[in-house]
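One chain, chain A, links the two complexes that follow: it is found with chain B in the first and with chain C in the second.
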Partner chain A sequence: MSERILLVDDEKDFVETLAERMRSRDMTVSTATSAAGALDLIEEKSFDAIVLDLQMPGMDGLEALEMIKAKNPNLQVILLTGQATVEKGIQAMKLGAMDLLEKPADIDTLTEKIKKASAKKMVLVNEETEKKIKEIMGGKGW
Partner chain B sequence: MGFLNQFKPIFWDHQSTKSGPFKSLFDFRSLWRKRVILLVAVALGPLISLAIFDHMVTRYDAEQEIHLRTARLVSNSRRTVSFFLDKRKSALDFVLKHHPFEILIDQEHFKVLLTDLNATIGGFTDLGLITTAGDQFRYSGPYDLMDQNYAGEAWFQEVLEKGIYISNVFRGFRDTPHLVIAIKYQLDGNDYVFRATVDTERFNQLLSEVTPGGNGDVFLINSQGVLQTPTRSHGKVMDTIELPIPEYSEHTRVIEVVDKTGERFIVGYAYLKDTPFILMITEQKSVLMAPWLKTRIVIITFLAIGMFGILLVIYFVATHLVTQIFTADLRRSQTLREVEHTSRLASIGRLSAGVAHEINNPLAIINEKAGLLKDLITYREEYKKDQKLIVHLDSILASVERCGSITKRLLGFARHLDVTIQKINLRAVIEDVLGFLTKEAEYRSITVDLRVDETIPDFETDRGKLQQILLNLINNAFAAMQDGGTLDVRARPADSDMIKISVTDDGSGIPEADLKKIYEPFFSTKTTKGGTGLGLSITYGLIQELGATVEVESEVGVGTQFLITLPLHHTRKE
Partner chain C sequence: MADHWQTLGEEGIQFMGKMSASISHELKNVLAIINENAGLLNDFCRMSERGMDIDPERLAKVSDNITRQVQRADAILKNMNLFAHSTDTPLTVVDLHATLAMVIKLATRFAANRVIQLKLVPASEPLTITTRPFLLENLIWRCLDMSMNVAGVEKTITLSVIAGKDQAVIRFQGLGSQLEERSTIFPSPQDTDLLTILQSTLTIDSAVGELTLTLPQATSN
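And then the complex of A and B:
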């Protein structure tokens, strides 16, 4: 299946190139160059995974992560940054990020992580759906 | 000098001319000198002034006392001599005034008169009665002087003129020293001169009974300086004295005189009234002052001992004081140096982190661009055959990866990673590390000798960091070694819950000049062989994070030893 992913990075050149590479790996890719743009896109479309830069002008990666998780807890976020610190890493994990990769990242590693994230989302969504169905069935007294 | 060197203060040879940020604030020698001079001035100044003042005062007192005593002695002696002469004059008066002229001139009676005078008063040698013409017409005495004429004698003319005459000691006809008392009387209507020779022996005896101090002499001189009585050290009777004749004074006086040999004399003198005599007492000043000098020497000795003691105390106090300043200053500059070193490392760390961050983003772009190119080539048939392109792209990607690993290590150096503590077995950890390198060791025929003391217990530390440290050190050792070398890894317990781990190679060694810089980031001797110069600096950081210390000993051509001292109980570092 084709994963639907969103790449967020203020380096347009980087994000476009990475997008092209991901597309050639059979993924459906959207891009945003700011956290605000990314949040707008999430409103419009549904994604399986998001690759998010930490350091961005305006709203930074951690803030964006918090808002994304608030809106859609099942959506998996992989942080990709050139300025990883342990503190930020821990903070990101606490906020529910799935993983943190350091730039320059190996394309295969990234692809693998995205696939895992997508699978995880699928599992979570299924669980949620099942739960909802059970609730509905329980509520109707079936 | 070897003995003196023991007392040399430790700061004495300290170079104070050093420039730069760790320069000493003080010139310790001059600081010490100033302290010593001040203390010596304050302590010894009053002491020495007091000693000099006391010396002068006591000397003046001693001299005054000597003068006073001499003056008293002169007065007493003068009285004795005057009394002696007066007594004889009075006796002669009495004899003449209480004898009728006829009896006086009776030759037999005249002889008895001498015997009587000597029996009662004594001191007369002979007596004579002389007419104004100078004829001695009566004589009583041991010599044959009857009818001797004195008209030509000076003394005779003087007695006729003044009525009384006491002569100098003179030799006269008899050629023996004697003195004459001659008195003019009016007897039976005519003038006569009554002459008596006084026994100078009695006179001398009288003076010799006076005993002045200081090898002193009591004697009479006349106004020409001719000795009238014998002396102990100024010559015989009739000699001329070598000391200057003191100036006339009505009263007793005491003066100080230096003779030809340079000897200083205290001279007391008095002019005897109605006589040609000057009574003199001479005393050697050096002898008189000897007792005073003796006490002086005792006092000066005590003063010297006291001053030596004070100087000793001053030396030690000043040295102690300046040594304390010196060590404090030394500690200060050492601390400064350490602070500078630490802050330099820290700023290099921050700089490195900044650089790494900034480089990572463009590096990521290169990575993706090259990756994309490779993707294009791989996925499109027309490029697939061109293996050369793929080789170049792989080379670009490999270089990017290498850059990435450098920036990651840089960040690792700057970063304070959280310590994850777990209980470890040291032997197992070291064996794990050596496991990575077994292949290389085999390939290069390097012998690795591992000895871990069995008494080292399992202990808590950051396993990952310890492994990283050991891996870095052993890697470095391998790089420094020739094929076929030997690497020793030892671990043994040390004092107070510490263990020591040593990694010793027999490689090329580190020159002494480089030894100080090995922990600095980017310092590398392998730059041409791909060394980043970060290995040991990261290792150093890791060692510190484990609360451990590292020492390095190296000799060029012999080998290098890194000795890590690691605490058995881990204390979390901020």
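And then the complex of A and C:
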């Protein structure tokens, strides 16, 4: 299965190179260089996971994470940061981030995290679908 | 005065820490880009081993990316080195325009995070003053931070250095209407300590959206 991922980082050179590497690993990749751009893309397309830079101009990664999770709670977010403080890490986890990786990240570690994020999203979506089916069937007395 | 110096010492450590954290963040970003480009070269090697042709133009692009990031890191480190050495001599002659340029470079990331542009008006000739370089950098940063907090709708802070009679002036222009509200909390007691030690004065003109820092040609011991 080809994971559909969104890479978000204000460093254009970083996001483009990482996207090329992820594509060569059979992932379907979209990119954004701002949190606002990422939120627009999430409205347009469906993703299995988002790799999000923590510190960006304007809206930062934590604000974006909060908005993403509010709109799409099943979507898994992996945060990337140049400054991984314990405080930020705790805050990110409380806001629903799946993981927090420090830059520069190892590609194999990141790929593994993306695959786990994708699998987790699938489980959550399936659970939600099953719940809805049960509710519908229960409502009809089946 | 001993209390002033203690406060300034603590403030100075905080200033140094804040700038060092920003520099390390920038360098991490540079390393992350170099890491991905090195990784991409490795990916190309694996593809080549599997019999795929690698376009030389792709290799040249990766090489250019790495070179550009090395140059970026070099510029960051040169600026960091200048900043670190500003603590070497408590009182010395400094080129005010060069000092301002250095603080602006240090502040670039803070400005970018607030979606603000910093513009330095080029100097026609060098303007040197005798001062305490590290304390001056701290004071410029505090004025710049304040200016960014109250930036006007253009989101551009223009900085310039002007020579006066036995004094030098740094202008922070492009400030918005919030400047008047903030004038009750700025300058803070810590800012006032810095102004006192550097024998300088700060003028806030809310009507034109401007801060003016006036420094003596020579700060005495």
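One rule holds for everything that comes next: the second predicted complex is superposed on the first by the 142 of 142 C-alpha atoms of A that agree within 3 Å, B and C clash if a C-alpha of one lies under 4 Å from a C-alpha of the other, contacts with A are read in each partner's own complex, and residues count from 1 in each chain.
Note that in this section contacts are C-beta pairs under 8 Å (C-beta built on N, C-alpha and C of every residue); 3 or more make two chains touch, one makes a residue touch a chain.
Just so it is clear, the model here is predicted, and its values are computed rather than measured.
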Inset, instruction - Could you check whether chain B and chain C clash or fit when both are placed on chain A? - result: clash
Legend entry - Partner chain in contact with A:R4 - chain B first, chain C second, else both or neither: neither
Inset, instruction - Once the structures are superposed on A, label A:T17 by its partner contacts, choosing first (chain B), second (chain C), both or neither. - result: both
Inset, instruction - Would you check which partner chain A:G58 touches, where first means chain B only, second means chain C only, and both and neither mean what they say? - result: second
Inset, instruction - Report which listed segment of chain B has C-alpha atoms clashing with chain C; options: 127-135, 379-387 or 415-423. - result: 379-387
Legend entry - Residues on chain A lying within both footprints (that of chain B and that of chain C): 11, 13-14, 17-18, 20-21, 24, 82-83, 102-105, 107
Inset, instruction - Would you tell me which residues of chain C are touching chain A in their complex? - result: 21, 24-26, 28-29, 31-37, 39-40, 43, 47, 62, 65, 68-69, 112-115
Inset, instruction - Using the touch definition up top, name the residues of chain B that touch chain A in the complex. - result: 357, 359-361, 363-369, 371-372, 375-376, 379, 400-401, 403-404, 408, 411, 415-418
Legend entry - Parts of chain A lying in touch with chain B, wherever the complex brings them together: 11, 13-14, 17-18, 20-21, 24, 81-86, 102-107
Inset, instruction - Write out the stretch or stretches of chain A touching chain C in their complex. - result: 10-11, 13-14, 17-18, 20-21, 24, 55-58, 60, 80, 82-83, 102-105, 107
